[in-house]
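Read from first to last, the chains carry the letters A, B, C, D and E; within each, the first residue is number 1.
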Amino acid sequence: MSWMKDTFELTGSFLSAFKVTWKNLWRKPVTISYPDQKRVLSERQRATFALLTDPKTGEEKCTGCYICQNICPALVIKMEKEIINERGYAKTFYLDLSGCIFCELCVQCCPQDAIVMVRHWEIAEIKKENLVLDKKRLMENQKYPFSTIIGSKIREMQAVPKPPTASS
Amino acid sequence: MTIEKLKDKIKEKFNLDCQVEVGLVKILVPKESWGTLAEFLRFEAEFNYFSFITAVDRKEKFEMVARVENLEEKTACEFTTEILPNETLSTLSELWEGAVWQEREVFDLFGIKFENHPDLKRILLPEDYTGYPLKKEFPLDKHYEPYR
Amino acid sequence: MEVKEKIPLQSIAEIYQTFPGGELMLTTTEKFFKWAQVSSFWPLTFGLACCAIEMMATFASRFDLDRWGMIMRGSPRQSDLLIISGTVTIKMGPRIRRLYEQMPEPKWVLAMGSCAISGGIFRNSYAVVPGVDRIIPVDVFVPGCPPVPEALMDGILKLQDKIKNSKNDYRKVER
Amino acid sequence: MNTLFYSLVLLAGILLVVAYLTWLERKFAGRMQSRIGPQRVGKPWGLLQPIADGAKLLVKEDIIPQATDKTAYNLAPIVVILATTLVFVTIPLGKSVVLVDLNVGVLFILAISSLALIGIFMAGWGSANKYAILSAMRGVNQLISYEIPLVLACLVPVILAGSMKLSSIVLAQSKVWFIFYPFLGQIAFLIFLVSALAEANRIPFDITEAESELIAGYTVEYSGMKFAFLWLAEYIHLLAVSLVGSILFLGGWNGPWLPSGLWLALKTLLLFLLILWIRWSLVRIRLDQILALSWKVLFPLSLATLILAGGWSFIF
Amino acid sequence: MNLIAEQIETYKSIIETEGDTLLVNMGPQHPSTHGVLRLVLKLKGEEVVKIEPVIGYLHRGFEKLSENLTYIQIVPLTDRMDYLASITNELAYVLTIEKALKIEVPKKAIYLRVLTAELQRIVSHLVWLGTFGLDLGGALGGGSTLFLYCFREREIILDLFEEFSGARMMYNFNQIGGLRYQPPLDFFSKLKATLPKLKQAFAEYEEMLQENYVFKVRTKNIGVLEVSLAQRMGASGPVLRGSGLAYDIRKAYPYSGYENFEFEIPIGENGDCFDRAKVRILEMKQSLRIIQQALKGMPEGEVAIRPPVRVPTAVKVPAGETYMHIEAPRGDLGVFLVSDGTEKPYRLKWRAPSFSNLAVLPFISNGHKVADVMAILGSLDPVFGEVDR
């Protein structure tokens, strides 16, 4: 009578599969309809970049020290340094988004916290050339909300805690 | 067969000394006895889990490293040998079928040929690719390729 | 068997214009078919590497792209969008070229992820084609490694706007 | 003159209803998979989605691959569409609302619907693509082996109603629907449903266009309008199956309160949703298991129900 | 008449007549080959006579690239190898360097590494379960329902990872000597909230698959892999445990604090697709147990030992060879590092579990139907970033 057991088991399995789909039929869908509702991105989100200006003095923080250019594994950052009244500036600063892998090493080791990642993902382009962010566009990106991860923040998170434990 | 017994057996059979670490036996093998040692490990010492085989390009000679493990007794054995760039090495694919693909990969990236290997041809790169990329003198930016 | 000489489609558009209301009718039909092409945009199930997993997540329940009328089609004959999601290696290059040629004419290509746009971190590897636009013409680039579903959807929206206001005949796609 | 007019209205009606069945399927499937179906095309619920799909496929470039057998390749969609739409000729949509009420209605429906098999095989063989050939072979195996249980299952209501005329079958069910016959009706309906699903290549029997093995089955080489025909034919076949099912077993248009036409529409919709529900929750079975299921299980079962039906109509 | 003769010619070329076997080429673009794998199948009717997988379509040259990057820059590169379980790749690489440098990682980093590795195992098994449903049920059929449920659960965990590191898939979490971030303040409470949801979802999958007759018919004694062949091939992880050998590196060679967590290792009986699936689903449950224990015992304190990276050439590994292998979701993932004292590795060889797991395919799929080959391939769960490296 294995034939009877088989059909019995068959209907049992069909019913259990139907039960699962039936239960889900009445659950609220989890979809976020993108253009109208947008997902709340986490505040450590890594999207495009921004070069910061010092809010107090108003001039840019980046001193063109080439550290981020050396540490980038995908070699996408290129800059030239110029000295104006004994302080270094980045004359030109190119960040090629088409090669960048968003690994955040440059943000981690920037001594002046000059470069930061912002929470703005609408960066698709029709033409490949304007994927290369030059200094002007990096400055403009400051209008987007910054991610809370800045160079000094990471180092403070990782540093061996001094007596008062610096918890983030 | 614990590690010490294995050490003495290898000593008296191939008179090779091997360093012993926790759960690992490292042996430096001359090229000729590569096949016989592998057979010994496979049948007498029951190292029947094949981990990997790879080559390290030391510029004037290749260093072949193979690692096999015995899962029940949690011991592993890494046996290495040195061969000159254009020499061939006896294959391990009769003892462990896993070696078939791994040796093809070593041939594909280093150019080392293995004797009586079932079908030694390129596995990762396109068939008509010239040049062996993982060799040290293969420069990174110069490309031998049919397509670029 | 010689191939019969196809009537050049451009001339049909000119014939349209000779009728009294032709100009108006041409633009409305063009607009209607453009709207149809944009709102039923069938991509090809074709994933290469990590971006394919993110593409699958975009088509899954949370960022469901079936809302925009996009069903994943198996065969290139029925799909009009080719999403290159992943690293294009030199062994895969000719396959992608053939896939592109098998797709019927109004077809678009979306290069997803920095590996497809410019080879990303593998740019100077010996086995990677730096950028898929060396093999096939690409319409929109979505940077990211892998791009978050929002970025991919934003890319698709930008591609749809590009189709909507591309001025040419709805049959040929402006490269 | 009015038959021509009526048949045109019928054809337009079928295409419209089928177009919105595809929309219903995507919405229903979406809801079951906790996502929303088409939403952005015709603003509130994506109602313009089928029109957009149709228009886009209309404008698609129509590729005829060079190695195909041109005649079979081009004729296949027409044969498949013909086979599936011709069935609606004898299906009564109301008391007297029928194109031509053949007194061999059930036989005509079964004969015509098995024509689709020829179209599918032509499509598979014509497109000279290995996947298509494999899928055509599978399609032939599956459809032939499910022809017999389908015929026997349809014979049960014919025996109980005493005539093959569809409208008279519905009349015979005015008191008790055939499905409520104690043991006989449920088994016959089950066999009918299972074999009709196999005829229409739906999950769990959709190995002809199995996505995971044979990419898109016999529709691999088709693009543009030809693909639209093949794709729509499947839904037209489903509409026919749910219509015939509700007429043969669920008592057509007689029901207590609502007007007659509405009952029929409600039952077909219910049957269609049941088929969708089956489609989106079961896993596909392999070819040899499908054939085994048909020959070893469905065939003897349908013979038994036929004998039971004969006995039943003999006693009462 | 010559028209028909000519067409017969074209068909003859398509169907090679070597004893009426049909040579089918399931090319790199195929909905169910989990990425880029070309299967050259020799079919007799429906049955597979010979199968030869052709790989290499995603060979990106990891080993050559990593010889030109410093030790710190390789960490984001390792994420891209087994792109479904990027944390375990980083963990394997970072543990090798720490073994070579003999660094002691703070306790909180150890616990966090175990926690995130187990979460990553659940995510990777969920993607496997979804694509396995696709292989059996087809993209438009019931299988895709399972696929979408699995991806719905996966999104919950990905949100947690996004809270922690900012990225959904390529986290660049670990760093030589610990982690790069402290978890945000509400991370642990959110994690505690999601665990019951996951447990309930796993019960739902169990019910939809395990007793499902159609699933059992499609996977019972299909692609039977017996233990000695699996060992000789080097198959590991759920594929080896499915054949009945309880070999799990977390228990055999405990690394990174796994010795103070207790969990069982699920094994199968006769090594067919069903057992491999059962092993993976039970493993997901075990991972939940480990996560709960890790949450309970999470100590306070710092997460990294090395002084924060200021100058990129900070890490130099003394000359020598080290080998370290961990239990990745797909099996025994090993890193063989040959270092020469500079800040770039001399040779970095990855022992990829999917490479050997996939090599088993030709041995176990002879005589099965085409549909079964897809089920077997799905049960081996190869990821091609790792197979082709």
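Rule of thumb we're sticking to: a residue touches a chain if its C-beta (ideal position, glycine included) is under 8 Å from a C-beta of that chain, and two chains touch if they have at least 3 such contacts.
What you see is a predicted model, and the numbers here were worked out from it, not measured in a lab.
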Minimum number of chain-to-chain contact steps, chain A to chain B: 2
Per Cα centroids, the chain farthest from chain E: D
Most remote chain, CA-based centroid, reference being chain B: D
Chain closest to the assembly centre - both centres taken as Cα means: E
Interface with more contacting C-beta pairs, comparing C-D to A-D: C-D
Geometric centre distance via CA averages, chain E-chain D, whole Å: 42
Centre-to-centre distance between chain E and chain C (centres being mean Cα positions), rounded to whole Å: 31
Inter-centroid spacing, chain E versus chain A (mean Cα positions, whole Å): 25
Length of the line joining the C-alpha centres of chain A and chain C, rounded to whole Å: 26
Sequence positions of chain C contacting 2 or more other chains: 60-62, 64, 67, 74, 91, 121, 125-127, 145, 148
Contacts with 2+ other chains: residues of chain D: 30, 32-36, 39-40, 211, 215, 280-283
Numbers and ranges of chain B residues touching at least 2 other chains: 124-126, 133, 138, 140
Chains that touch, pairwise: A-C, A-D, A-E, B-C, B-E, C-D, C-E, D-E
Residue ranges of chain E touching chain D (in the complex, touch as defined): 7, 10-11, 14-15, 22, 24-25, 30-32, 43, 45-46, 133-145, 148-149, 152, 212, 214-215, 217-218, 369-374
Residues of chain C defined as touching chain B within the complex: 90-91, 93-94, 124-127, 129, 134
Footprint of chain C on chain E - complex, ascending: 27-29, 31, 35-36, 56-61, 64-65, 76-77, 80, 83-84, 127, 130, 139, 147-149, 151-152, 154-155, 158, 168-170, 384-385, 388
Chain E partner contacts - residues on chain A that touch it in the complex: 6, 9-10, 12-14, 16-17, 19-21, 24, 30, 41-42, 44-46, 67, 70-73, 101-105, 108-109, 111, 117, 147, 149, 154-155, 157-161, 165, 167-168
Complex interface listing, chain B residues touching chain C: 124-126, 129, 133, 138, 140-141, 143-148
